[in-house]
Each structure stands twice: as C-alpha cells, then as structure tokens.
C-alpha cells in the first residue's frame, strides 16, 4: 500500500476530474501538477493554457509564474493574455483551478482582503489577478485547498471570484455566461461538489482515514450531503510514481504536503 | 430589463477618445533615432504625478533598469496600472514612487510569497487602489489601442471586484444581455522591455507578449529597453515579427540582461536567490533600507546592480537554468 | 442625447454568444490529425445554405482549391462575408453558389477592373446584399473572436452605408458619445490559405494577415489549405509565430501554390494574364460557360487547373515576379 | 518647359500636399504614386500605410491590390487590417486618398451605386471597402479625380464615404471624430478645397491652361471661390523626372493620363 502526503493526495484526486480532450487553464503549484499528472495518466489530450498567453506547452519543470518561460516551453502557441481570456469568454475552456483565503457555500472565493471596510482592510491580499476572469468565463471552476473553518466561511468578506453568488440562477441574473460555475473542491479531507437545485456545497467523497464529521467540523457553514457519499480512492502506486518521478521530481509542490 | 449597476470608485485615469486623437495627431511620427539613456528617458518622459504602465508580467520580461531609475530619481505620486504587478510593484513601492494603483494583482510575487512592504503600503492607504482583473485591465488597454472609449465583456459582474471598480454595466443592443463595459486606459507612460529593437523603436518580442501589444498602443508615451539594438534591415526582412512599430515609441535604450532579476524568455531565468533576499530584507525596516541603498540608491547604473549581485557568473547560471542545462531554484 | 439610429437591414448571420459558447464547448479540441482532401473537406464541412468567409484579400492568399471545389460540388444558397471579396467573389458568383452577401467590397478586382458577371448578379438581386465596410466586417469578426455580442466603433455613422446596414448606434456609458455598434459575425465555415501548418492545424502566415487572425477565431468550422505541412516540432520551436492554433481547425489540406491565380506573399505573384482572361471571358455568356467548363467543371483537381494554365513554367515565372527578378504585368 | 499629361499633373499636385513627417493611408494607382513622389521629393519622412495591414514599406513597384505583397515589401510592420483601421481611429493618420463615381459639394463620396432605389440599382459599384473607414477616421480626406459634371453632382445617390455630410457640424453630430473631414480635391482642371464656415467645396487653384469657368462648367453644383485663387504651379522637371524614372518607370499609372 502506497504511502502519500496530503498534497500528493489532493493532486492525484484533482487530476482524475480532468478528462481526456478537455481544456484547462492552470496556475502554478498544485493545479499545474494535477494537469501534468492527468496528461501522463489518463488524459494525454488534455490541453493546458496559462492565463498570460501560453497554449499547450510541454512543461519541462514547474513554472514559478503563470507567465514565465516554462509556461510556453515548446508550446503550440505563445500569444497574449487576451488570447487566453477570450478563448475562455468564447466557451473554449472547460476547467480552471483557483484558490483563495475564503470560500463560502456557493463557491464564492475571496483572494482580496479580510475585513469589512474596503478602505481599511485588516489584511490585504493580492486581488483577482485572472481569478475572477477564469471563474466568470470558463465552464467549471475547480478548487484545491486545505480545509478548515477559517477558510470555509458562512460569508466571504469580499467576493473576488464568482461562485454561484447567492444561489441558483444568480450568476445568469448578474450577467455571467449561462451554465458556468463552480464544480469541485478538493481538500485534504474530502471532495466537495454542488447540489444542482440549490447550488450549495455538498460532501461527495471522504478521503481514506477521515469521516463526514471531520469535513463538517472543518467547515464554517452547513454542508449538504450527496445522495451517495463515497470513500475517495487512494492514489494508486502508478499515480504516485508518475507524480514523484515525472511531474515533480524536485518536490517543489509535493514537498509542501 | 434589470437595473444596470456601476462600480462605486472613480476612474483614476481616463482620457476622452477625441482628446487622445488630438494628442496622437501631434505626436512626432518621423523615422528618427530614439536612442537615449535610462537616466534621460526617466528624467524627460516621466513626470511626478503621471500614470505609468509596466510591460511584461511582474517578474517576467520587466524593464528593471527603468524601474530602478524611477526610484533613484525619486519620482513621486505616480499612478500605476497593476496588471499582475509583482516585482515591479515591489520596486516602485519600495521607492515610495506611487500613490494610486488600478489593481488586478499586487503585493504578491506569485509562488514566491507576499511582499510585506508592499502589503503595508496598501493596507495603510499610502497606495490608493481601485479593483479590476487581469483581463479587465488588458481589455482597458485594448479599448485604448483601438481608439474606442470602452469595450464590453462578460466577467466581473456580480462580484465585489465590480463593486469596488469604476466599470459600468450596459445592455447589449443586439441581444439585450447584460454586459460589463470597461473604459479605455491610456497610461501617460508605458515602459516595456523587449528582445530586439532598432534605433527607431521597431520591436520584436519572443514568446508570450502578455498585454504589451495592447499597452504599447494605448500609452501616450512609450519607453523601450531592449536586450539588443538590431539593424533596421533585419526588421524589414521579417516585418511579420514586429510587435511594436516605431511611431509609438519615444525612447529606446539598449540594456542587455535588462529584465534581471526577472525572467527573459529564451535567454535567462529569474534570479530566485536575489528575489528571496529582497523578500527577506523587507521584514526589517533598517535592513531593507540598507538593502535598497546597496542595490538602488548607491548604485550608479544597471551594470553595477548586476555586478554586485553576481555579475557575469550569475548571469551565466541564469542562462543555463533558462536553457535547462542547469537545475534552478 | 440625440436619437439613436439603427440600420434598416436585417442581420444575415448572427449567433447569440451563449449559443456559441455551447457550440465551442462541444467542439473537439483534441490534438488529432485534421488531414483530408479538398473534396472531402467541402463535402463534409460545407452545407447548402451555410454562411462562409474567405481568408486573404480577394486576390491575395486565397484558398482557390476550396473555392473551385465549392463550385464543382455545386453548393447552393451560401451566404458570404464580402470583406474585400474580389476574385473569390467572382468564382463563387460564377458557380451560382451564393445568394446573399454582407458586403464591404465586391464586384471589383481593385486595379484590374470590374467583373461584369458579378455585377449582374448583384444588380438583378440574385445575390442579396447588406452594407458594411472593411473595418466593420473585421470588427464583427473581432467581436465574435472575443466572445462578446458586439464592439463599438466610430466610423460609418451619418452615411448610407450605415442606413443599409444592420448596425446600431449606441451611447457610450463613459463619455456620452454616439458610437456605432457592430454585431459579432460567426461564419459557419471559414476557409483560409496559409504558408505553413502542421497536421493538427497549427498555422503560420508570413506578411500581413488581413483579418484572418480574427476570422479564424470567429468561425464555427475552419478549413485550412496550406502551401506545406510542417512537422509539429517546428511549430513548437517557434510558437510566437503561430497565428491559428489547432483547436480552431477542422480540416487541413496541403495545396502547394494553393493561392494561384492569386498572390502568395514571399512566394509567387498573382497571374495577371489568367485573371484578365477570366474578366474577358465574362463578357460573353457562351464563352464564359466554356471558360468555366475548361477551368473548373471539367477539371479533376487543382493540379489540373494549374496545368492547363501553364503548369510549372507559369508558376516559375510568378515566383520570379514575386521575387522581383522578372518584370510583371 | 516640361510637358506632362493630366495624370502626371494630378500626381505632382497631390504629392505637394503631403508634408514631411505626415502619415497617409494610400490605395493603389495615383495616390500611391503621389505618396511615393512626395517621399522622394520633399517628404522622406512621410509614412505610408495600406489598409490591409502594411506599414512603412519600401515599394519596389506599384501594387495591384492594397493587400498584395508589394505593399509590405521591406515594410517595418506587416500586421492586419484592424492595425491600420485602429491606428486611424486613434487619430494617428493624417491623410487618406479616396475616389468615387460621384462627389457632392460637401465632399461626400459615392462608390456604391447609381440609382434611387437601393433594392434596384441602375448601376452597382463595389461599395465602401475601406473607403468609409478612412473617410471617417483619418484627419483629412484627399481626392484625386478627373472632373466633370456627371461626377461632381448636386446630390450623390448614395453616401458611401462621409464628407461634411450636410454641412458644418454635421460630422460631429452624426458621431464621427471631431475635427476630421475632407481636405482637397485634385482634378485634371484645378484644386478644390472647402470653405471653413460652410464646409462647401471651393475653387483654390486652377491648373495652367484652364480657367475658373472651366472648373465651374465641369461641376454640377455651385462652387464657392477661395479669397485668392492661384494658378497651380506646373510640375517641375525634377518632379517629372523622379515620377517617370523612379516612381512609375513602367507607366502603370501615368500611362493612363
């Protein structure tokens, strides 16, 4: 039985959601590792974009910046940021991966500030970057994040990237493209998805060694339950081998797990 | 039709499109040499209070020499377009040169962590901010580059980013759909580092151009630093590769390794050691002051800055890392 | 605020941006070979009644082989985006393949004169038209390429071109200025001839790209003919030159000298003799019928068309004219 | 004294209006020759664009198409059509040259159709192409045309390219950029300009051998007169030499004169 750390687990689990033939805008870190792992395992035809303008590179090593030269190493196209953003706006891109300091039950993400007074934030974060764009314009937003109740909050202090906003139909009513929105949240404890009727977050699978209670305990709002909650399949030996030997041999990402 | 909302902030930078037409009409478009020095370009083309935009991507293909010179000349009250502004933002805040910023991404250095000094400047209100996104700022450049006062898009609506922006919602005249309208953004001065330029300012960039195609066409004044000056003949032999034409450009300066400590695609990788040293130094005000004195204020020019951080030996290593013949980080 | 006007015509071609999102979501984006034949591409990708767009500039970098095959397969009731449509328009009208056209420039062949046959088709109403301009149609492609339902601009207002268009006036939300709004134009099929493509459809174009950057990104289906198929490795070695990425492309066909009798920049000049012969033949219906039989209907493929018009010897001459080693015209 | 034909005269006269340092979008034929002549005579720094995307070429010979390879021979940039059009829209371009089947007293041009019923034109022409764009978006529209009263009409059947529309202020009211509009009309008989107050066409100079009466006789509307009407300076020997030897040695254009 393979042993693994929580970063390795999250990357393996996330990678399985990326099907062959899909398109994904990835960032640095875990999302990039997940996309690379998917390409090497079950999705050789997963096409990866980077928001600064790189299309379908052959990644030689982990990029530090979503605009650095690694992101367009042996790419099929090195273009500009709006090439990526407009491909997303046209509906060409299936997935994006985002993170944030806070997430709420509708998948709204905050990467801008902590505090209630915009002029006087308690803590200021970098802001949207391309996160709002990707959450608005790709079809499905994925999140990879450690789970705790300070991060999974009833109400985010600031909506940087739109989830389902206030619930079903709210995105469309706000003007965002029809049919787009949050998809999965992969944490160190389990996998969360969204209830189709209410657009609220729900527990879909629990990682080996954890319970539904563990997930609830680490969440600051009431979670719904999927009809059938499964146990997450462990990383396979093959997944771990490829991840460790080919995707992240220098442990830039999995070393943090 | 539902109510159309507006962001709650004022526009930091906006020129009427007819005013800009008058400006561009008068701009000298003759084919003349724009060669100058970093120091003269900053002295003559950037005035206190103006609004600037920096090309590249924060730590990739950045015009470091010009950024340092802005700090050295102690420019004040500049506005900035903060389109994934990372190390560039860090430099300008360190020099206390900017007092306002249209932000998409600031404070952070992506995977490297956050700049405590930059964060403090924003948290304390020393740098006033208005919210946008990377695409929004790029579309604002694009509107300006096209000569229209705004462009429509489909992001940002429904979020607090919109709420604390100066964007507006509009209704599509053909579909009735709600759209967000982004006002044109003409920076007073754009600063871009490129792979090659001739003496007139005809420029080529290898690899992704981020938003520099648009920004170069939006800016009122444009400063180019280039890895090398090439003969105009080589531009004319492959005009398909020209990304910035000369008539947009006001100054050209040859600065080899000019993106250091940033990455220059196909040439050299970022100096992660130095960037880490910078982040570390920020943690202690006294130490940071010394760090800035050493690296910027007491340094004559960009050559010297490179020299004290390892000179040719360091540059060679960064070239090897870029070309994957040596392990980085 | 003054009254906002609308053009008096109906839109010939318009898809809602959410409908297009659903379409592009489902489009196969896997990296698979798109190699096919001209005949299969026309048979499988162009249906009677669809709306097509032709790349290049009428007589420059045109996909002649596909245009001839459309005529040979007797496609009917096609719509056309007539963005400086010259010899391409002439071919499609000769084959009676189109019944409607968004026009900027049609009928003429620039300095070469007018096509009497194309003129008659428009004057008699066999081809229904709606007015636009070159920029307007290019902006309509650009809106589609960006994924927005319209783009604003500052031309066309106050003229009869606007009056007989399907454009609308809008008011700028930031300046209150009157602007013209151009609706997105997504052709059902785009057809572009390029210098180089790999088997997947990653394409490079040398020299001006006219509006092909935008059109390639606007079209629902895209057919590429290419002077040569190159290894994907050569694309990956210089991704900065990729103008059309593979995931937009549905068919790739290698057609050397495929722009003949049009000009292919850097390779061969237009065959002015043959274009003149075509214009002359149009003056007499019987002679024109024989001309079309000889050059299109009774011809098996593009090789044969080139052969009967001078073959290698003619091509060599056009290469010499292009490279200025021989006097043209 | 040099001898010349009317095409040579028109090209020489038109070229003198293009000052050094100016920018101009040229078409094929006479405008292209005028721009080339200006560059070789008094305006080495006249920058020529073509509407299909060529910037600052070194023209080896006359192009047949405004998009053919000659237009970007040794150019400084080979871009796209919208690069040119947006440069115009931004106010970067001083001059354009247009023609048409009809022109009226406000400089409105018709290159679309003859007839009064749009659905049933008596004669159909190619249409705007880029003409409307250039007339709308560059600062000053120049026309080179032979003059007769069938072409210079009271009312054009169709406004393809905007002149001053219905008179002073009408362009701005219609939404076109402030301060732009028609500038000069160079014909085989004289040079016409526009009265600043009324925006109506006026006679400014008369070519050698012609009279004001000749111009009036060949115009289908009432022309105003400039305060001082001069005689057009003849083409100089130097102008003719350069035009014939360097600009159009094969007489593609001047052969038509």
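All chains are identified by letter, namely A, B, C and D, in their written order; residue positions are counted from 1 within each chain.
One rule holds in what follows: a contact is a pair of C-beta atoms (placed from the backbone, for glycine too) under 8 Å apart; a residue touches a chain by one contact, two chains touch by 3 or more.
Remember, predicted model here, so these are calculated numbers, not experimental data.
Colleague: Between A-C and A-B, which chain pair shares more contacting C-beta pairs?
Modeller: A-B
Colleague: Compute the distance, rounded to whole Å, between the mean C-alpha positions of chain A and chain C.
Modeller: Chain centres of chain A and chain C, defined by C-alpha means, are spaced 40 Å apart.
Colleague: Please work out the Cα centroid separation of chain C and chain D, and write it as a whole number of Å.
Modeller: Computed value for the inter-centroid distance: 28 Å.
Colleague: Centroid of chain A to centroid of chain D, CA atoms only: how many Å?
Modeller: Averaging C-alpha atoms per chain gives centres 58 Å apart.
Colleague: Scan chain A for residues touching two or more other chains and write them down.
Modeller: 72, 78-79, 82, 89, 137, 177
Colleague: If I count partner chains per residue in chain B, which residues reach a count of at least 2?
Modeller: 17-18, 146-148, 153-154, 177, 179, 206-207, 239-240
Colleague: So with touch defined the way it is at the top, what topology do the chains form here? Options are line, ring, star, complete, other.
Modeller: Shape of the chain contacts: other, as it matches none of the listed patterns.
Colleague: For this structure, give each pair of chains that are touching.
Modeller: Applying the touch criterion to every chain pair yields A-B, A-C, B-C, B-D, C-D.
Colleague: Name, in rising order, each residue of chain C that touches chain B in their complex.
Modeller: 11, 14, 16-18, 146-154, 168, 170, 172-175, 177, 179, 181, 183, 205-207, 239-241
Colleague: In their complex, what parts of chain D are in touch with chain B?
Modeller: 20-23, 45, 47, 55-56, 58, 72, 74-79, 82, 86, 88-92, 94, 137, 139, 177-179
Colleague: What residues on chain B touch chain D, complex-wise?
Modeller: 17-18, 20-25, 27-32, 145-148, 200, 202, 217, 232, 235-237, 239-240, 242, 245-247
Colleague: Can you check the complex and tell me which residues of chain C touch chain D?
Modeller: Within the complex, chain C contacts chain D at residues 2, 56-60, 82, 84, 86, 103-108, 110-112, 114, 119, 122-123, 125, 131-136, 138-139, 142, 153-161, 164, 169, 177-180, 206-214, 263-266, 269-270, 272, 322, 324, 327-329.
Colleague: Under the stated contact criterion, what part of chain A meets chain B in this complex?
Modeller: 28-29, 51-54, 60-61, 64-69, 71-72, 78-82, 85, 89, 108, 112, 118-121, 123-133, 136-137, 158-162, 165, 170-171, 173-177, 250, 252
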